[in-house]
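Following are the structures in question.
Next, two complexes with subunit A in common: one pairs it with subunit B, the other with subunit C.
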Partner chain A sequence: MKKSKILIIFGVIFVLGLIVYFPGRKAARSHVNYITAVDDHPLSCTSCHVYTSQNKWVSKMVNEDYYSPFNMVVSNDGSRLYVIAQDINELMVVDTENENVLNKINVGVHPHSVILNKSGKIAYVSNEWSDNVSVIDLVSSKVIDTLKTGNGPAGLALSSNEQFLYVVNVFGSDLSVIDLSTKEEIKRLTTGNNPTGTALSPDGKVLYVTSRRANMVPYGEPLISDLTIINDSTKTVAKYLGIESAYMMENVAFTPSGDLAMTTLIRPKNLITSIQVERGWMMNHGIAIIEQKEEGRVVQLLLDEPNAYYSDPFDIVISPDGKKAFVSSSGVDYISVISIDSIRTILAESSPKMLKSFSNNLGISSRFVIKRISTGANPKGLTLSPDGKRLYVAEQLEDKIAVINTESLETIGSINLGGPLRITVARQGRRLFNNAGHTFQNQYACYTCHPDNHEDGLVYNMAGKDMGRNVTNTQSLREIGGTAPFKWNGKNQSVYKQDGMRFSAILTRTEPFNHDDLDALVAYIVTGIKHPPNLMYNPDGELTESQIRGKEIYNRSVDNLGIAIPENNRCITCHPPPLYTDLKMADVSTLSDTDDPILFDTPHLHNIFSSAPYLHDGRAETLEEIWTIYGEDDKHGHVNDLTKMQLNDLIDYLKSLRSPLYDDDKSEVQHGTYIKSN
Partner chain B sequence: MHKKRSNTVFLIIMTISFSVVFFLSCKESSNEGMIVFTQVEGDIQKINYITGNSWRYIPNSRIVALNSNKSGEKIKVLTEDYFSACSPDISYDGKFMLFAAQKKQNDIWQIWEMNLENLKIRQITSSSEDCFNPSYLPGKRMVFSKFTTIDNVKEGYALFTSNLDGSEINQITFNPHAYFASTVLQDGRILTISRQLFPEQKDGMFMVMRPDGTKQELFYKGLKGSEIHSRGWETNDGKVFFIETDNKDKEGGDIISVNYNRPLHSRVNLSSGIEGDFYAVSPIQAGSLLVSYRSSDNDRYALYEFDEVNKTLGKVIYKDENYNILEAVVIKKKERPRKLPSDLNMSVNTGLLLCQDINFTDVQSVEDTSSISKAVRIEVMGIDTSLGIVDVEKDGSFYLKVLADTPFRIQTISEDGQVVNGPGSWIYLRPNERRGCVGCHEDHEQVPYNRQPLSVRKEPIILPKQLNKVHKEKDS
Partner chain C sequence: MENKGLRKYSKIVAIAVIILVAASFGFKITGEHSLDSNSNPIIEKSKAENNDTSIEKTFDINNVLNEKSSMPIYGNWRNFTSKNGLPGDKAYCVRIDGERVLVGTHEGLAVYENEKWRTYTTKDGLAHNGVLAIDVSEQTGDVWLGTMGGLTRWSTGKFENFTQMNSGMPNDLIYSVICDGKKVWVATGGGAGQYDTHTKRWEIFTEQNAPMHEPWTYGVCSGDGKIFIAAWGGGVVEYTKKTKQFRDYIDPDGNMEIDLFPDDGVVHDITTGVSWADDYLWVATYFGLSRYDGVHWKGYFDHDSGLASNFINFVKAEGSVAFMCTDKGLSSTDGNNWITYTKNDTNKNGKAIITEGTKKTELAMTPSISHNFVIGVDVKDDVIWVATSKGVSRGELLK
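Coming up: the complex of A and B.
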């Protein structure tokens, strides 16, 4: 071929390339801007078409099945560690001497806690998303029984005589008492809201149960979360001990002498306008100390410091000599080591007024925290070796167990559980979600207000404009992928925008996420969040008779008098399946005097049973209140013709709604998105 | 044959290219580890902590570079064309240096930037007032001190920020204070020495604020009568080092460290057992500091290493019998601080202030509150006039909308009109800033109680009253 011809061909290709490149780039820019709702996201196809892809092949390629160690326990001789691998539904048996995994035992869905009986031969594993407990013979490493529990079994304890198993039900907010001889649940006791942790006192007389959510009160009322105290001998609730201004009490422990109980907690500032982060204005993290004597005091002490916060305290364990307590601060990857004698000194020397003020003092931690030990990503469960010389830390997002010498307070080892080595984009997003490093001075992580990727049940005054106005109910992050726009005012058309520049200016008040981190966070929120099943109201996909009647009411177009309901006032119009939202803005007559005159985004209704309180400002404590107290004008659906029984049916149906992914077989391949219950 | 020749040519081109890249990269890293410092010939003039003369700007000074790794190498003067040059600050990538200088003796002090690779200098500010103590901010900006006139305060130095090309100059402090020796903490805030000038002069203290001037608060306050002598330096292990003196007539003091996490209660004097004075300090690496030290008033300040862990003076790095060596800093890359977002809105001319309870004081005085009269109102005092008296709510809270960038102080008043507390420190709010405090004269480590203040259930009280009128006119 002649040289000139080649040049002409190259010239034509070049010109064609230019013609395609510039308009193509412009079109790509326009497309990316439209999808992300921001104008500065890099032109990266992988952000949406790979990392957040719903295609099963793509999803399989880009994601991994991590282990995510959560809670654990040590054998009586200290040679074995039994680790809950939450994301693969297994109990891992780890050799502590050789630091390797010996065995993996399949348990139920999303296991939460593990305990051993006194002989150390039987392990009990609570399966939070299958509503049962696996009983495991540790000699044969086999599940020998499965005990039915209440909804969302989490914390476990054995009665002092080992005849009964106490199971804390996190979704049901109750406690199952299971007779181990008959393997039947003999009692279900009401606990505080959203309980998880539990511990039996050393004398075996009382069982403490923590709660994560505060009791439901109207916005402006003081926040109180209950510690439930149960009498072990009578199996009855002895007391609901209100812990003021606190929530997210994850776990509880007793000193060996039994003089103190200690629980982790967060002290949110949701009633104060969120105008700054400085000076602990948003979230504080600490512990409560409950004296175990007549008229015993309840004292709260912060773990935070004036310029450093130790967000999301999770577990607490106390050394056998009663001298030290260890708290995992899962949002900052630290273990705080506490001198219990120093705490006793503070209790002895301080007046009630002083003690009360300590609960809001950032300097007090310097009097009792003796060391901060850094860990791998997201430290959760803690356990001590029987001699108290080693502390094991479950690094949930590292797939490792850290080993700390409790005398030198140095990390002396790390047990690799063998999870995937590759850190996927969604996994990185999960790390970011759980880490407070992207908030000014590490004061809170995304997880803090969205525990378990859900919501914390609180209403905040986010101070978009003037203080005291526009209070907003925290929204769940579960199943929000296809439900844009976001925020109650619908101002954010994508998660990219939601977590972008404005987010950092108003909420995190530090440098915004860079684009890689933002991609990772979006990938996790859109595809990586696991959805608990709705086993309480829709365990097998079949509706009850009441729910079927409720569904008819939901879908109806005429009222009880046979009069046609205007189309825009029917439930089904604004909340159509499968998302149960039309993705539009609406006025349902809920605007209050303190709201700016805006329309509200129509929320999706999946798993709405677990999202109380309701409405944009959380004014409705129950679904029923939406239409009884706050829906008298029939503007939030035509409901005032309904009888009480019909309203009950409607609410029964609403509570049964669950993720569309749950009934969609294709969703099985979405890694980390959906797990079907047993 | 042709192919062979073209291969040879290709190889030669590649070799030359790699060589160029290699030598360029060598040149790039050649400044790493060098030390730059301010030198002053002869005796140090008496320091003026109020005006900063001979302290924050030093007449007849020069900036020099020293390669401490090469024994016997002479220093290199970097600012030969300047009458005075001081306050070197190295960029986060280690490639540039900001400094303050005057070309001729009576020139205005301006801010300049030097490219440390080719030593070219460019002028950043062209101010009609003295500018000095520059420090790099993330996002290609800098913060510096500049002389400014504030009502009733004839001499004051405010902080300004600007782009590194001198554009977008913004004043960020508005109190009748002098602000000097700024540095930027890893959290993105500016750490600066601030001294109240009006109505009476007070000791200097470290204040922190966001780069837009918002959320200014106390970081560290020395012992009564002491002076913070040098800028603060934060290290990767969470400590902040600086020089403090308890003798204002001396041109030096002791090395002090505080923990970033709890600066008000973690002061450690690292040099209390060492005779002599320290003029400045900066970090070299973990556990090791670079200090300007002299053993007696008769000596010149020289450059030493200091072992922070063992609190001992190490080897002398550089000494010159004719020159004092001040403000030394190692040229190296360092982690860029966070670039903080801003919610300033310059089209708004007010800011909002919320106080949770004016009767809340501090933890120590919790027990004594019975003996103190309860305040029921506040007086907001401007520089030369009262801006208004406001009743607080039953819970002790108040919610104000005040003119932005205007300093004011608050004093609390009892039912019978007596002053209970105050007036407190000067405060200003930036346009659209929303700021909260727990109480008046509160413990700086106290966080707010989680309760909704009664005052925010209403509209904010607008001060001064004239502003209220303007707002109403706008609304109508």
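Coming up: the complex of A and C.
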């Protein structure tokens, strides 16, 4: 070919390239600007089209199978550590001397806690997403039994005589009492809302159960979360101890002498405007101390400092000598070391009025926190060696166990569990999600209001400068990738916008995420958060008779009188499967006086049973109330012709709705992400 | 003249002495215990207030029932009203719960413990002050309160309310509540309801899905793997827990107010209560009492038994004995023998009428039960508590 022809061909290609490039780039710019709601985000197609992909092969390339150690326990002789690897459904057996993993035992889905019996030969592992407990013979390292529990087994404890196993059911908000001789659940006791942690007192008389959510109250009333106290001999609830203005009580521990119980907690300021973040008034983090005597006091002390908050306290353990307590501040990657004698002094020297004021005193921690020890990403479960000389810390997003000398209070080792070395974009996003470092004074992380990537059950006053005056119910973040727009009024067209500039302006009150961090956060939120199975109302996809009747009502086009229901007032119109949202705006006549006049974003309905309270401002405490109290005008679906039985059927069906991925034979979980086989 | 006068006066004196002696003797018989309510109120010969010569009188309680009788006799009544601790006089129900007694009144829940009353109302968290029914879960110790405005779970000081607005419960007007393992059953003005405390799910039973005449239900009890529902106008509705199947028992005579053919079925379709014990189902109606042994029905009426009245508000069976709360007193029976406790209209005293076959005996009770309009009863060990329209009464087992 002549040289001139070649030049002409290249010239044409170049011109065509220019013709495509400039408008194409302009279109891409416009697209990226729309998605990110800013005009300077790099034009990187991979940000959205690779890292958020749910394609099997793409997901395999960009993600990894992390272990995510969560809770753990140490053997009686201190030589073994049994670690819950939550994301791979395993119990890992770790040699503490050689600091290596000896064995991995498959357990149920999404294991939560592990305890040992007194002999140290049997381990019990709660499987939060299987509704059972694995009983493991530690000599053979085999699961020898599986015990059925309530919904969402989490914290575990054995009765003082070891004949009964107590299982805290986090989703069911109750406690299963299992007779270990018959392996049957003999009773289920009602606990506080969303319970998790539990501990038996040293004298074996009472069992404490924490709760993470506050009791449901109308917006405006102060919060109270219950510590449930159970009599070990009668196995009945002895008392619900209300902890005022607090929630997220994750774990509880007793001093060896039994004079004090201590639980972690968060004090949310949801009744004042969110702009108060700047004044250090959004979230505080601390502990409650419960004196174990007649008329014993309940005192709350903050772990925070004036300009450094220690967000999301998770676990608490107390040294065998009763001198120190250790709290994992999982939102800031620190262990707070507490002098219990100092706390006793505070209790002894302070008047009731002073003690009450300490619950909001940022300076009080200087009187009892003796050290802050830095850890790897997202410290969760803690356990002490039998002699109390070593503290082990589960670094959930590091796949490591930190080893701390409890006398020198220095980190002396790190046990690598063998997880992937590469930190993927979504993993980085998860770290950001769980870390409070991007919020003013480290007041809170995304996780704080979205525990377990869900929602905290609270209603917040989101009013801020030029931001309206709306009271809003926290929304779940589970599987929201395909449900844009976001925010109750649909003002955010993407997670980028939701968590970008707007997020920093309204909530974190500090620098917005940089582009890479925002890409990572979005990748995690869009791909890494999945719904738990709906084992309570739809364990296997087979609807009950009531749910089938409810589905017919959901899909109906004529009412009980045979009159056609307007299309825009049928359930199925605005909430069509598989997402159960048409992704459009609607007026359901539930604007309140303080709301800006606007339409509502139609929410998806997956696992709706677990998202109380309901409606944009959380005014409906139950699904029933949406239509009994707040649906009188028939604008939120045509329902007023329904009998009570029909309404029950409809709600039974709504409660059965679950992630469509559980119904899809081609779906599977990889890297903590649901993906579809092609 | 003097002798005549003396003789005349001596006659007057003699008559006066006789009258005084007779009066003092009579006072000793009838008046002594009214001054001391803590003394033994029975074993006194009652005065027949009518001309029924078949009623036998005795001083000795051991002569009241034969040795083989299983019928318990209660006495030593203590009465409580708004004047001594109750929030109101109208008591709807009573439940003995260990060392304490729970009383549902029109003005709230009254709890009697350590000789003291404490009241809980809507201010404490109760769904409604009118507490119509109470049961206690054997498994969890939770107290379930059926009120005029919803169902309340009272668990060691914490109140949780279920209403027709915030839950799947059929209706807020709850006449009866029972705990059956992990399930809680209610009889309401809008059907029967079953709540599963594990799955937190309600199931409703009305005339739409069960053999009921209308959704109005008055009573519910469990026994023999079944749930029995007293359905207004629908007789007794039986629900077999294993098969989840219903069947009904209605009056073969229809809604006639007389029992045309004796013992052919439940005595009337308008049933007000059911209770199961010792393989017997006892059914209360406003037209008499029925007993069912799984094969045969037996009817009891005020004219052919010791039943105080055919108008029965509530029935509670304990062992082989059933206690019927009627508008004319409290009756108890083992199917053969009867004891009815009533109060006099004019004072706080009353009597127990014991019927053994054709033999009737009356015992004076000083005091007696608080009022004859009896609405609720509970029995445990040696103690009986009775809820009436004017206070509650506590009786002790005498024999």
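Everything that follows uses one rule, which is that the second predicted complex is superposed on the first by the 639 of 678 C-alpha atoms of A that agree within 3 Å, B and C clash if a C-alpha of one lies under 4 Å from a C-alpha of the other, contacts with A are read in each partner's own complex, and residues count from 1 in each chain.
Basically, a residue touches a chain if its C-beta (ideal position, glycine included) is under 8 Å from a C-beta of that chain, and two chains touch if they have at least 3 such contacts.
The structure displayed is predicted, hence computed values, not measured ones.
Asks: For A:R188, decide between first (touching subunit B), second (touching subunit C), both and neither.
Replies: second
Asks: Would you sort A:F358 into first (subunit B), second (subunit C), both or neither based on which partner it touches?
Replies: After superposing on A, A:F358 lies in contact with subunit B but is clear of subunit C.
Asks: Which partner, subunit B or subunit C, is in contact with more residues of subunit A?
Replies: Counting contacted residues of subunit A, the larger count belongs to B.
Asks: Return first, second, both or neither, reflecting whether A:S408 touches subunit B, subunit C, both chains, or no partner chain.
Replies: A:S408 sits against neither subunit B nor subunit C.
Asks: Considering only the touch criterion stated at the top, classify A:T236 as touching first (subunit B), second (subunit C), both, or neither.
Replies: Touch status of A:T236: second partner only.
Asks: Could you say whether A:N568 touches subunit B, subunit C, both of them, or neither, answering first, second, both or neither?
Replies: After superposing on A, A:N568 lies clear of both subunit B and subunit C.
Asks: Quick one: classify A:S119 as touching subunit B (first), subunit C (second), both or neither.
Replies: neither
Asks: Which holds for A:N161: it touches subunit B only (first), subunit C only (second), both, or neither?
Replies: In the superposed model, A:N161 contacts neither subunit B nor subunit C.
Asks: Would you please give the residues of subunit A that touch subunit B in one complex and also touch subunit C in the other complex?
Replies: Subunit A residues touching both partners: none found.
Asks: Inside the complex, what are the residues of subunit A that reach subunit C?
Replies: For subunit A paired with subunit C, touching residues are 150, 172, 174, 186-190, 226, 234, 236-240, 536-537, 546, 621-622, 624-625, 628-629, 643-645, 647-648, 651-652.
Asks: For the complex, give me every residue of subunit B touching subunit A.
Replies: Result: residues 138, 187-188, 215, 217, 238, 260-266, 338-343, 352, 354, 356, 363, 366-367, 399, 434-438, 443-453, 456-460 of subunit B touch subunit A.
Asks: Touching residues of subunit C toward subunit A in the complex: what are they?
Replies: Within the complex, subunit C contacts subunit A at residues 139-142, 153, 155-158, 160, 164-168, 170-171, 182, 190-191, 197-204, 206, 208-209.
Asks: Would you tell me which residues of subunit A are touching subunit B in their complex?
Replies: Residues 219-220, 222-223, 245, 267-273, 275-276, 278-281, 284, 302, 305-308, 351, 353-354, 357-358, 360-363, 366, 440-441, 461, 463, 466-468, 501, 504-506, 509-512 of subunit A touch subunit B in their complex.
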